[in-house]
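Lettered A, B and C in written order, each chain numbered from 1.
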Amino acid sequence: MATLKSQLESLMFVANKPLTVKELADLLKIKTAEVDSAMDELSLDYTNAGSGLQVIKNNGKYQMVSSAENAAVVQEFIKDETSGELSRPSLEALTVIAYRGPITKIDLDRIRGVNCSLIIRNLLIRGLIEEKADKEKKESFYNVTMDFIRYLGINRLEDLPDYERLHKDDTIDKILNREEPMEIVSDSI
Amino acid sequence: MATLKSQLESLMFVANKPLTVKELADLLKIKTAEVDSAMDELSLDYTNAGSGLQVIKNNGKYQMVSSAENAAVVQEFIKDETSGELSRPSLEALTVIAYRGPITKIDLDRIRGVNCSLIIRNLLIRGLIEEKADKEKKESFYNVTMDFIRYLGINRLEDLPDYERLHKDDTIDKILNREEPMEIVSDSI
Amino acid sequence: MEFRSEKFGGPLELLLSLIEKEEMDITEIALAKIADEYIAYLKNSAHIDPEQVADFLVIAAKLLYIKSKALLPYLSTPEEDEEIEELEQQLRMYKEFQEASKGLEKMLSKKKFSFVRDLGKSGKRRQLFVWQKFSPPKNLNKEMLREHFDYILGFLTAEEIELKEEVIEHKISIDEKIILIQKKLMDKITFSFSQIIRESGNKTEIIVSFLAVLELAKQRELVFEQDGLFSEIFINKLN
């Protein structure tokens, strides 16, 4: 329906921040599935029309942003000086979280073979990852944020090279699910 | 040309304020007439597609706004944003700003251990805090607003309960003086 | 050697770079071959973050086992062999993500960023949106602010203490442990390994002790003696 898509477009424009599927569904009094399908359509419209806008989807949230194609002229206009440079350990941790998120700290530690407490703290403070606590499992899960995806110039994590394979890799699952795969001696901070 | 239209769209979106034809022409290194004709086209596209966005021209300036048809749902969103209880993280940030203000965003981020951009945005929108720029240090400092102080039923911050003790507690100084390898990638809000 | 001055983000990164330098695949043989180099790097631990020492040592212990197995194959047990297999798998998995991170680095370097609507650089009383207005939450009073601030201070104090403890914990180096054991050997010609374990404060120190003893054996300052599998190991001074 044209109107629904149009309403979503207006809301995302005005909000200028990530909105959850649920927030959007509640505002428009529709089902979350309807939000998702209208958003998919809108995103496709933008791509097909070569629009200057795009919709990023991440972790159950949507955000309207300028298209990555026009990065240079926009960066010049707002005098943005973001370099996109990251230290190797930060980049490595972000890669693991991007491909395997939502991921626990212990799994991140296992993949990198080293305690990642300080890196996690650093990435949280810089807004490149976010933490979600699962109260039942008493565990925290980490995901990359919209901001990090904005720097990559993609619409969703599924657009990352080799995403499907690394996200679902059986061998990785097996290694991570082992009872005591690797001992991390120092405790988390 | 699709690219020109797309670039204008990105610029208008990001600008978040009216832009003169000349500004746009200079940025894209084209003639003002070209800007006008691409803008007419974009405006027509929006109308034909029943888009949730529209371009308005006023006094030789262009601005992107949400479409008038969706005013009702946009109002609903704004109401949600500016009413209701504060989330616990927002309340904690507000508390830190009250007792420790004036405080920079990065210090607030480090005290809270997460990036506070969205929280600061929310507190600013609700008029609970205000921002002051220090031009020399190129930093912004946050304080609670006079409106908020009066709302609490006091005349000045020093009248907050236990202000003297809590304002001077050195726990926070210790955290802030801790060495932390911060790679600053962005300077968002 | 150049690699010794490089700083590595973790033990797996170091391992992988050593193996790749030798142009070998990730196998048990490769791991046995680079064990010495890995430990040599560890000794000059100036480039290892204190909070990562333990993680580097765990891998060191595994490498030493692999090396000893190459020399004395009849000593191996199925459980330990499984551990080697796990290390190999872990290393292959790490390699995948390391390669993926290079892909991400490339994407970031293109600077094809998307942007949100600009909220302007800071200014006096910055207005983010036209619809911004004073709208306080309903149930908030000054007492609640005090309670929240006290809570935050309590939380931060606990965090600060934890951090301090963590830093103190990793202060024993292999070299210090070697000197300690050498001193012990001056007093006593023979003593048991379990005695060393008893004197170690934590897991990290046990691993450091183990590495120190192996190093002294290599330098021919001591020899081991063991009657049978799992029985007490005795350390005897040489000469």
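The working rule: a residue touches a chain if its C-beta (ideal position, glycine included) is under 8 Å from a C-beta of that chain, and two chains touch if they have at least 3 such contacts.
Computed from a predicted model, the values in this text were never measured in an experiment.
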- Note on the structure: Per CA centroids, the chain at the heart of the structure shown is A
- Message: Can you tell me which chain lies farthest from subunit B, using the average of the Cα atoms as each chain's centre?
- Response: C
- Euclidean distance of C-alpha centroids - subunit A vs subunit C, Å: 28
- Message: From the mean C-alpha coordinate of subunit B to that of subunit C, what's the distance rounded to whole Å?
- Response: 41
- Roughly how many whole angstrom separate the Cα centroids of subunit A and subunit B? 21
- Mind pulling the residue numbers of subunit B that touch at least two other chains? 10, 13-16, 78, 121
- What residues in subunit C touch two or more of the other chains? 115-119, 129, 159, 163
- In the complex of these two chains, what residues of subunit B are touching subunit A? 2-3, 5-16, 27-28, 45, 49-53, 64, 66-67, 69-70, 73-74, 76-78, 80-81, 109-110, 113-115, 117-118, 121, 180-188
- Message: Residue numbers of subunit C touching subunit B in their complex, please.
- Response: 115-126, 128-129, 131-146, 148-153, 156-157, 159-160, 163
- Query: In their complex, what parts of subunit A are in touch with subunit C?
  - Reply: 13-14, 16-17, 54, 56, 63-69, 71-72, 74-75, 78, 80, 82, 84-86, 88-89, 91-92, 94-96, 98-99, 110-115, 117-118, 150-154, 160-162, 166, 169, 171-172, 175, 178, 181-187, 189
- In the complex formed with subunit A, which residues of subunit C make contact? 9-13, 51-52, 54-55, 57-59, 86, 89-90, 92-94, 96-98, 100-101, 103-105, 107-119, 129, 159, 162-163, 166, 169-170, 203-204, 207
- For subunit B, which residues count as touching subunit C in their complex? 10, 13-16, 78, 82-86, 91-92, 94-96, 98-99, 111, 121, 124-128, 130-133, 140, 145, 147-148, 151-154, 159-162, 166, 169, 171-172, 174-175, 178, 189
